[in-house]
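There are two complexes below, and they share subunit A, which is joined by subunit B in the first and by subunit C in the second.
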Partner chain A sequence: MTTNEYTVALAGNPNTGKSTLFNVLTGLSQHTGNWPGKTVVYAEGFFTYNHNRYKMVDLPGTYSLYSNSADEEVARNFIIFGKPDVTIVVLDATALERNLNLALQVLEMTSSVIVCLNLMDEAKKKGIRIDAGKLAEKLGVPVVPISARNKEGIDALLKTIDAMVCGKIKTKPIVVRYSPEIEQCMEKLIPRVKEVIGDAYPARWVALRLLDGDMSLLHAFYKLFPSKKEATVYACDGSAKSI
Partner chain B sequence: MPSVKLQRLSEAEEGEHFRIEKLDIKDGTMKRRLLDLGFVPGCEIIVLQKSPLGDPTAYRVSNTTIALRKEESDHIYGERICDDNK
Partner chain C sequence: MHATVPQNRFKELLNEAQALAPADTREQIVSAIFRASQAICDETVTYETQAKQYEMEKLDRIFTSKLWGFPIMLAMLAVVIYITIAGANIPSNMLASFFTWLEGYLTLFFQTLHAPDWLHGLIVLGLYRGTTWVISVMLPPMAIFFPIFALLENYGYLPRVAFNMDRLFKKAGAHGKQSLTMAMGFGCNAAAIMSTRIIESPRERMLAILTNNFVPCNGRWPTLILLSSLFMAANYTGGWKTFVTASVVVGMVLFGIVVTLSVSWVLSKTALRGIPTHYTLELPPYRRPKIWDTIVRATLDKSVYVLKRAVVVAAPAGALTWVLGNIHIGDTTILAYLANWLDPFAKALGLDGYILMAFILGLPANEIVLPILFMGYLSTGSLTEVDGLHSLKQIFVDHGWTWLTALNMMLFSLLHYPCGTTLINIYKETKSRKWTFVAFALPTAVAIAVTFLTTYIARWFSLV
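The block that comes next holds the complex of A and B.
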């Protein structure tokens, strides 16, 4: 039996139970790692399920992924450049409104997403009922209710991860539409972005970040591409500004 | 329904509820950050506690406690809802 290794990242707002879920899945076999060049630490751990080996990465909790802080930059760079096979967005089921903001940001960055509704026990206590099926339909990705601390729903989550890496789940992430003005700019910018960075990165998301003047992302791309490409990345930024 | 005069979040007192109407902020990064933290038009927040010097102030926003400085709360406009109205 062949064994494949997959990377699964855990993203979410602070205090939503990411590390708790991480520990449930990996046992105590975790160690901490440094994202190159950064002092911010994230934890890495491993587990095996259905003959596949998984590397779990516990990202710092953030309210956003626009890299307003070192934590946000670490989480964002991992999702974009680390290219995890699956990104699990851990949401606090008792505060969905706030948590969905980050979920939507992640869905703009990658389509291999599983939304995990954690703290379902708390939600039940508070009389909050969530139609996970309906939410999955709206978001276009699987939604799995769990209670990490009580180890509830973990089996269903593992099955979903397994099905996703085996290609048995086709996701269709919701696309957030912006004002006509922004959408028009994007229409012009996206082909340019694809020319420069290829299909390996989410062009729509990159275009949005460029329109927003996101210099830290631009710098991350400079580092990634050989110097000859710098000019083109600059050109891309230039055309973003001129649009 | 009578129209209400909008007030700044920074004017709300401890214990008061406040319904956010708009964020009047030119600085895109600050606006984005406040929205990400949950200071979204339409939502109701609670003024938890002012620090001894009056700044920053802690707010209850969508189930989380978040502290803002006056330079941030000055730009958030809405309606103060005093507790006896509740």
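The block that comes next holds the complex of A and C.
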């Protein structure tokens, strides 16, 4: 029986119960609070399910991933450069429309996404009904309704995570269509992006960020590539550690 | 191979992209995303009633109203502090008595071993006393204050505080979110410095960092509470004593907030000039917290935190103070020598040399300022037996303390430089020696100016 280790990232708007879900899954007691901006650096914890070990990373809650502030940058960099095996986007079921904006942004960055509809109990009380099946169909990724506070739906979530890391779930994330003007620019840029940074990063998303003039992403790439150069140099010396 | 890619290719790529991009790219991107979200919601979400929404709005109309917002905030603060003081007194005394009782046995143990005096001094009078002091004075108030704070936080009251304070901070040229980072500071300034990351604009973030220290943290609450109950409420008994103590502490907190706003205002008109950025603060729904979970978690977390601090910081500081207080140069100890040297300056601030030295040696953590002071005093006097917290006041009075000394120590504690951990975090977050120095020097200057003024005024009016 082999044990694999996978990384699961938790993303979402502030105050959607990411930390509560994190605590439920990892059994840790990270401090939770009912106000935006509590988690500014990410917290890590571990759990085991179905013989696999998972490292769970609780990202800072953000409204967007355009790196307007330091915490947005932390969250974005982890999803892009940390390459988690699964990214769970936690959405507040009582404010789905606003929360979906972030989910759509994450779906542009990675296809291994599970959308977690949290606070279903509260939504129910408020008389909000969400068709999870249809939402999954629209988004092209699994949608799991839960209530982290009452520990409801956690098992279904774990099963979905398990199925995703085993490659049993094929996702087909929705592609947001931009204005014809932006789409044309991206069409021109994407081949150039692939040329410069290779296939390891989502070219459409990188192109979009470049069009938006995202300097911080550029700096992140700067930092990343020289380190690869060093790694190659060491490899030539024959004294390399495998990385 | 990527390694061969010269770095300027990225720059080139960005320039290419920028040449292509229309001027309103961000707007076009955001509106496309918003439209997509809306389209998805239209097909997947249905609403039944809106009754709950009203309930929350009703509450918010009270909590954030122009008329009631501030009185409610003040009342909440007062109640929290009152409960803390009233509840902490007895367990604090019990812990102190217990540790004193245990100290007797420890001393006995050392005597039976025929251990040398210096070893007993270092371990029992230094290390043990420093550590147990921090535990008995810090633990009870923290174990009461933080669960209550956590309950308010989990219920969703904090963002309402930010909403109420927003206008004041805007007028001071700062960011409304600064009130949230300020609230974090009541727990720990070092953690609050990290939380300033939620402020996007570097200018406003710097304001929040530089002024965060003006709210009392974990390590300073006990100093404020103890001194105000010993000196400010000395003539009252029973419930009134607690009430007066609480009022003085609330006054200190309010004064700290006034200083925060004033310093922010001055800075935003001078070194950090600019217009506050607009932002939307989301008011999250009120959620009934899991009361028992919250209480247990906050209590345990805080206890572990305080105990850790006690061992990591207070124990070595206690030992060091004992060493300084017992190594003689000529007739005087190093400690007395330092204290005497600081004395003239300290007197001008209404303090004395020992107090100022305790603040200097207490740089690593505010928790240890009082224990160091207390041990410094003990090393000079004949009094070596301390029976619980009752005899504390006598020690202070024997060293010439008046209410003015207590007031000035409270003010200095409230306003002086941040602790070592906080300064390290400020350096990490700003990556600038200059700003870290400002974060040290600015509060210190304020503390010196304020205590100098109160002393001067009190003496002018012959109040002491």
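Here, the second predicted complex is superposed on the first by the 214 of 243 C-alpha atoms of A that agree within 3 Å, B and C clash if a C-alpha of one lies under 4 Å from a C-alpha of the other, contacts with A are read in each partner's own complex, and residues count from 1 in each chain.
As a convention for this text, a residue touches a chain if its C-beta (ideal position, glycine included) is under 8 Å from a C-beta of that chain, and two chains touch if they have at least 3 such contacts.
The structure presented is a predicted model; accordingly, all values stated were derived computationally and were not measured.
Asks: In the superposed arrangement, does A:Leu139 touch subunit B (first), subunit C (second), both or neither?
Replies: A:Leu139 contacts subunit C only, not subunit B.
Asks: Quick check on the superposed pair: does A:Glu97 touch subunit B, subunit C, both, or neither? Answer first, second, both or neither.
Replies: Both partners, subunit B and subunit C.
Asks: After the superposition on A, what does A:Asn68 contact: first (subunit B), second (subunit C), both or neither?
Replies: Both subunit B and subunit C are touched by A:Asn68.
Asks: Check whether A:Arg149 is in contact with subunit B, with subunit C, with both or with neither, and answer first, second, both or neither.
Replies: A:Arg149 contacts subunit C only, not subunit B.
Asks: Please indicate which partner A:Val196 is in contact with in the superposed arrangement: first for subunit B, second for subunit C, both, or neither.
Replies: Touch status of A:Val196: second partner only.
Asks: Counting only touches as set out at the top, which of subunit B and subunit C does A:Asp212 meet: first, second, both, neither?
Replies: both
Asks: Of subunit B and subunit C, which one touches more of subunit A's residues?
Replies: C
Asks: Using the superposition on A, tell me which residues of subunit A are in contact with subunit B and, in the other complex, with subunit C.
Replies: After superposing on chain A, subunit A residues 15, 66, 68, 94, 97-98, 101, 212 contact both subunit B and subunit C.
Asks: Show me the residue ranges of subunit B that touch subunit A in the complex, using the header's touch definition.
Replies: Spelled out, the residues of subunit B in touch with subunit A are 28-29, 32-33, 35-38, 43, 61-64.
Asks: Subunit B touches which residues of subunit A in the complex?
Replies: 13, 15, 63-64, 66, 68, 92, 94-95, 97-98, 101-102, 212
Asks: Would you pull the subunit C residues touching subunit A in the complex into a rising list?
Replies: It comes out as residues 1-3, 5, 7, 9-11, 13-14, 16-18, 20-22, 25-26, 28-29, 32-34, 36-38, 40-41, 43-53, 150, 153-156, 158-159, 162, 177, 180, 194-195, 197-200, 281-282, 284-285, 287, 289-290, 297-298, 300-301.
Asks: Looking at the complex, which residues from subunit A come into contact with subunit C?
Replies: Touch list, subunit A to subunit C: 14-15, 29, 31-38, 40-41, 60, 66, 68-71, 94, 96-98, 100-101, 104-105, 122, 125-132, 134-135, 138-139, 149, 174, 176-179, 181-182, 185, 188-189, 192-193, 196-198, 207-208, 210-213, 215, 218, 221-222, 225-226, 228-229, 231-233.
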